[in-house]
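Look for subunit A in each of the two complexes below; its partner is subunit B in the first and subunit C in the second.
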Partner chain A sequence: MKLGYLVRRIVFLFFVIWTAATVLFFIPRMSRVNPIRERFNELARGTGYSPKDLEQIIASYELKFGLNKPLGEQYLDYLSSVLRGDLGVSLMRYPRTVAELIGQALPWTVALLGFTTVLTFLLGTLLGALAGWPKSPSWVKSTVTPLMVLAAIPAYTLGLLLIYFIAFRARLLPMAGAYTTGLFKAPEFSIPFILDLAKHAILPAFSLILASLGFWALGMRGMGVTVQGEDYVNFAEHKGLKQKRIFYAYYVRNAILPQVTSLALAFGAIVSAGILVENLYGFPGIGSLLNAAILANDYFVIYGIGFITIFAVGVSMLVVDLLYPLLDPRIRYDRKS
Partner chain B sequence: MAVAAPAIGPTRSTLVLRYLRRNKSLSVGLVMLAFLLIFGIGGTLLFDTATRAYPLAVTPLQPPGPQYPLGTDKDGRDLLAVMARGIVLTGTIGLIAGTIGIVVGTTLGFLAGYFGGIFDLVARWVTEVLLTIPSLILLVIIAGTIVNKNQVTVLTMAFVTALLAWVAPTRIVRAQVLTMKERTFVNVARLSGMGNFEIIFKELMPNMLPFLAAAFVAAVMGAIGASFGLEVLGLGPAREPTLGMTIRWSTFHSAMFNGWWWWVLWPVLALILIFASLSLINVGLDEVANPRVRRSE
Partner chain C sequence: MKAKLTRRQMIQLSAMAGTGAVLAACGAPAAPTAAPAAEATTAPAAEPTAVPEATTAPAAEPTAAPTEAPAAAGAEVPRNRSLVLNHGGAGGQYTNQNITNPYGTGYTHQEGNALMWEPLWYYSVFADKWVPWMSIDPEPQYNAAYTELTIKLRPGMEWSDGKPITSKDVKYTLDTQKSNEKLLYHAQSKEFIKDVTAPDDMTVVVTFNSPNPRFGFEVLSYKFDTGLEIVPEHIFSQQADIVAWQGGDDIVHSGMFSTTQTAQQKIYDIREDWWGFKTDFQKKPDIQRVIMVPLSDMTTAAQRVVNNECDACLDLRPALIRSAVQQNPKITTHTGKDEPLGYIDWWPNSLWMNTQLEPYSSPDVRWAINYSIDRDTLDSVVFLGAKIASIFPYPEYPALRKYLDEARPLGDELGVRTFDLAKNEEKMTGAGFTKDADGFWVKDGNRINATINGFESIHADIVPVLVEMLRKGGFEAAINFGNDAYQNMADGKPGLYMFGHGASVVDPYATMELYDSQFSAPNGTTAGGNHFSRYKNPDFDKIVAEMRATPPGDPKLVDQFMKAIEIYWKDMIDVPIIQWLHRIPYNQTYWTNWPTADNPYLNGAYWHNTFPLLVLGLKAAEA
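Here is the complex of A and B:
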């Protein structure tokens, strides 16, 4: 792989991040909503400040956050702080920083979504490969349409159905939360805690898996159907190779490439893919943080989550571009071949 | 003599029916959609949804029974009326946003695919970036800042979701135009002196109708999904009983924990029915557009 290519991709990543940061800087300034004013109005409704004091407080906060400087200067300040990883200060949990809050929620999200993404990828790809394979039994082929319909249904509604049948009717699993707060005060590293954690994670994981299995199965089947008609598969067939070998080494090996690209992109979307489901199950990840931030008008946390999401997507696109030539020897970026 | 001619072959409507019998996804999806429409529109006409679907109309928290077939919620809405109105409102959001999406998307897709040049470059780049960034996050940021949370209406919801509803149609139409514009029939049309716009409207558009229909259904689905996401996160029309807002209020009041299952179950089933019917229609339209898919089944 050529160095020039690598540099181009990294420059592109910076470009994506710069665009995201710029958009996130200008959107709030286009609106008439002033986050600090909103926040203090809300507090004032509860406690009863006099309006004059309120104006003074807001003015002092704007001074502190530099909101009275000229726009260009604010923009440069903002860019340099983003580059340093500083996403500002949370309004709802002042004085904690946005980066701190996100850092606390992120491991939960990454663990849950990382697990479901890998599992769905494996299951869905295998199912799709079998569905596109001409010698598979017909019931395997007929799973694709139901899975596709399932993939169109939001994971949130599937999750509600699971809660209704499995947690509410059958009382088999807990309805919400990440662990039993009555038993454990804080996450700890012990076997009972891990078991408890797993019990709480089954339903959220299952709703995410159900809702995305069809995507992987369909993608793999589509590629499989085209690969299956290729000469090299026919050739392998006529050489009398074992079916198993043709299936894995000729058919799956060639059809799986776009799936791997999608997997890398799915990893990039991990931060945001579970937002609604996490909310539903009260799972303490990014989704619940976003929900709390929306409720409390904590715009800085909302923008922070937006920024992290776009950053993750940008990095995953870079990974895809770097990974692809390794997986598919037909693709080279140095143009000399 | 001339009278007998039309009676020889099967009429157009029997042909359509015959085709529907073969294309199961399309017919099942259409039947489900018809059921939803009859329930939604019929319900709106039959019951007084303008009052019964809003708070303080009936006794709160009644389980399903003879008086309230689907039960009532904590704020005193009759869930039967809520369901009818909710299906209509949610459908309206999807329809408005989907229509804007397909009209804008088709226009941009044709401009990019047919005329190419710098416009194509920009369109391709912008759609690529917008498709990779998770749309829910973008919409949350837009809806959370530009719109005042307490003044959201069904119409605002439709326009906010429409902001991203054009992206996928643009890409689909562009790709389709690219494969079609070099075909023989387009060249023949060009040689016979047709202008660009005549070719677009008389040659390309009619051939792309099934694709456009599928893209439209997908755009409607996407808009309903996006508005549902915003509603669940509390950025929806707080005063209107859309399906998403009904679910939002039920989870907000921990309905399932408290055993008020009917408050949750009906809107969930209605949404699942909507998505299932639209995606089946989409699969069916795909079969219409690509006859090859038909044979591989």
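Here is the complex of A and C:
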């Protein structure tokens, strides 16, 4: 791989991040909603109480957070703080910082969504490959129909069904939360806590797995079918290679490339993927944090989470881009070849 | 050794391992939900509960330990000693945990922090009673001219770090409110407080700029969501920026509980060393721990109460509360299992409008809107027969009743509750409107924008019904539950605003003050708070000024109120629609003696500042 290519990709990565961060800055500002007033609206709606000098209080907070400056100046302040790694403070939960809030929520999301994404990728890809493989047993091929049905049902709807039947009616698993409240004062590294955590994660994980398994399986099956007729597969069969070798080395390896690209995007999108499910199950991850921030127009939290998401997608795409030659020898970044 | 596995063996092994993991997780320590067998609750013989007062017993008697419900393994406090409440947060997590400083911007008392801070007095609106707390005065003591308030503090009070609570702390609290413009009581403190002195450790004297017979109630007492907590001067004065300080779990405080907070829960544990126990001011409650669990969505919240995971949750919409009380016989409400399944909150809702904006500037148009509202139908359709629709911008509370009863005949005479589309037509044609082909009122070719701005989470049951009524009355009504709804109200945009009052609870002044011209922001500027009507009337202002100087309970206040409400109704400043209900499910599995209509020692909103009184009132069920 040429160094020049790597540099170009990194520069492109910065360009992508800057563009996305700029769009991210202006979108929430298009709303007329004033986040400081919204904070006091929350107070008035939730408590019935409004301070008598509300406008004065709002003005003093706008001054404190720089929201009274012209938009261009606010944009430059925003870019400058992002470059310094300072994501600012939450407008709704001041004095808590955005980094604090993200730091608190991210591990839950990475654990739940990261685990389910990898698991569904592995299971779905394998299932899809087998479903498209002509020599697979018929029961494997028949999984395609239920997978198509599941793929059409959103994880949120599946979640509602699971909660109702398994948690509410059968009472087999907890309805919400990440661990049993009152049982532990705070998260801890102990076997009882981990088991409790697993128990709470089963339903949200199942909702996500069931809803996305079809996506991976159908994608892989589709690619697998196109690979089957390729000359190199036919040649391998005529050479008398073992079916296992043909399956993994000729069939799966050539069909998996788009899956890997999707996996990189899925990793970057785990924040948005989990918003509804995290909310439904009361799972304290970054998706529900983003949802709350959007509802409250908490600009700085939205920017912080958005920026991290953009960064994650950009970096994952870069990594996958660099890994392509290892996965598919046909891809070379050396121009001479 | 051959370690090769066939694919079949691999799949079998994986399936076994997976099943084992699932079973192990399911078999983890039982969630503390094992409840006593649900039996039909015969309402516990309601021995009216007195609002807590200082105990005179030499020592608090240890509470008889009831049979303990199965405690979750590892839990320090058993379930039947824990009050579990599903409240606050967003999407199932708290983002404001550890903000325990009541002056921090992200602070809220609603998620349990009210258990850590204390006022000089509590006021129980349902019992119509003052509860002296940090002050020993039965209620605020003013001089004859209401220009001075003298406060005597309770002896023996201590902060959680052992330092005594003195008049210096009270003085610091008030001085800080006066000087810091970001604090919620800055406006009142700046306007009214001339000086605060501490002549000795146990006495505080507040001098006012002008007579103020309500300062003690409005600012210094805890009721509903309002009131000022006293903070430790020796800690708070050390902070560089008081609103930028989180406080943390170990903040020095005065209340009965201490806290440990995470994103997933806020735990409040009883303080054995609380000054109130040491001085025999209060007996220890049965509750040893309060656990606040963040809300994910209201359906799940209701289900958690039905499943005995939680003892109560935020007030529910009608369909949910009806379903909850039907599904679990142990779930009751303020009115037992009868409609309206709740109690009246201090937030009666009106249809507000910008009275400076055409065509709402015309009292005739406002009256025509009022004539379109069929309050009897609202009662029967939305509230299943309970009398909740109202003609008052006041909650029907015991202390206000004498004023409201006095005004009722006038309301009848003026026809405020009258639903009459013929009168609507008379008013609108008189104001120069005609009806177009679709039956909507028009003037100069323009229809009236009667879009109702409101909030889906709390108005989804009533606003669609109002929209239908208004459309039948010739107003082009629609619903806006968007996140710009509040901004529209503050900006005075065309349309109607469904919003509450949150003002008077003991005397009628505070609500009338909302319509005082001093809050009438010109068009083009924002009018936050509950000042959306932008009403301006010098005659009305004079009456409000008289009311301001008249102490609650003074017979003159009745006459003043009658004059003010006459103008309010004749001008139809806003269109009063309903009393506001809190429909809270009380699960009696672990805790009994919830406040009810038969035993109204308090309102049951545990998220209010009066939460400690509720904690003292609840009794462990003998389960």
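As a convention for this text, the second predicted complex is superposed on the first by the 311 of 337 C-alpha atoms of A that agree within 3 Å, B and C clash if a C-alpha of one lies under 4 Å from a C-alpha of the other, contacts with A are read in each partner's own complex, and residues count from 1 in each chain.
The definition used in the following text is that a residue touches a chain if its C-beta (ideal position, glycine included) is under 8 Å from a C-beta of that chain, and two chains touch if they have at least 3 such contacts.
Computed from a prediction, not measured in an experiment: that's the story for all the values here.
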item: Room on subunit A for both subunit B and subunit C (clash or fit); value: clash
item: Subunit B versus subunit C as contact partner of A:S136, first or second or both or neither; value: neither
item: Which superposed partner A:N291 touches (first subunit B, second subunit C, both, neither); value: both
item: Touching partner for A:M175 - first (subunit B), second (subunit C), both, neither; value: both
item: Which superposed partner A:T22 touches (first subunit B, second subunit C, both, neither); value: neither
item: Touched partner set for A:N279, first subunit B, second subunit C, both or neither; value: both
item: Which superposed partner A:I163 touches (first subunit B, second subunit C, both, neither); value: both
item: Greater subunit A contact set [subunit C / subunit B]; value: C
item: Touching partner for A:Q74 - first (subunit B), second (subunit C), both, neither; value: neither
item: Which superposed partner A:I58 touches (first subunit B, second subunit C, both, neither); value: second
item: First (subunit B), second (subunit C), both or neither touched by A:Q228; value: neither
item: Overlapping segment of subunit C (options 292-300, 328-336, 346-354 or 508-516) - the one that collides with subunit B in the superposed model; value: 292-300
item: Overlapping contact positions on subunit A, where the subunit C interface meets the subunit B interface; value: 31, 33, 163, 167-168, 175-176, 279-280, 291, 295, 297
item: Residue numbers on subunit A that touch subunit B, as the complex places them; value: 16, 19-20, 24, 27-28, 30-31, 33, 145, 148-149, 151-154, 156-158, 160-161, 163-164, 167-168, 175-176, 225, 265, 268-269, 272-273, 275-276, 279-280, 290-291, 294-295, 297, 299, 302-303, 305-306, 309-310, 313, 317
item: In the complex with subunit A, residue positions of subunit C that touch it; value: 21-22, 24-26, 28-29, 31-33, 72-77, 79, 82, 84, 90-96, 98-99, 104-106, 110, 181-182, 184-188, 224-226, 243-246, 260, 262-265, 267, 289, 291, 293-297, 300, 303-304, 306-307, 309, 345-347, 455, 458, 483-484, 486-487, 490-491, 500-502, 521, 526, 528-530
item: Touch list for subunit A against partner subunit C, complex; value: 31-34, 37-41, 44-58, 60-61, 64, 90, 92-96, 101, 104-105, 163, 167-168, 171-187, 192, 195-196, 198-199, 202, 278-285, 287-289, 291-292, 295-297
item: Touching residues (chain side subunit B, partner subunit A) in the complex; value: 25, 129, 132-134, 136-138, 140-142, 144-146, 148-149, 221, 225, 228-229, 232-235, 247, 251, 256-257, 259, 261, 264-265, 268, 271-272, 275-276, 278-280, 282-283, 296
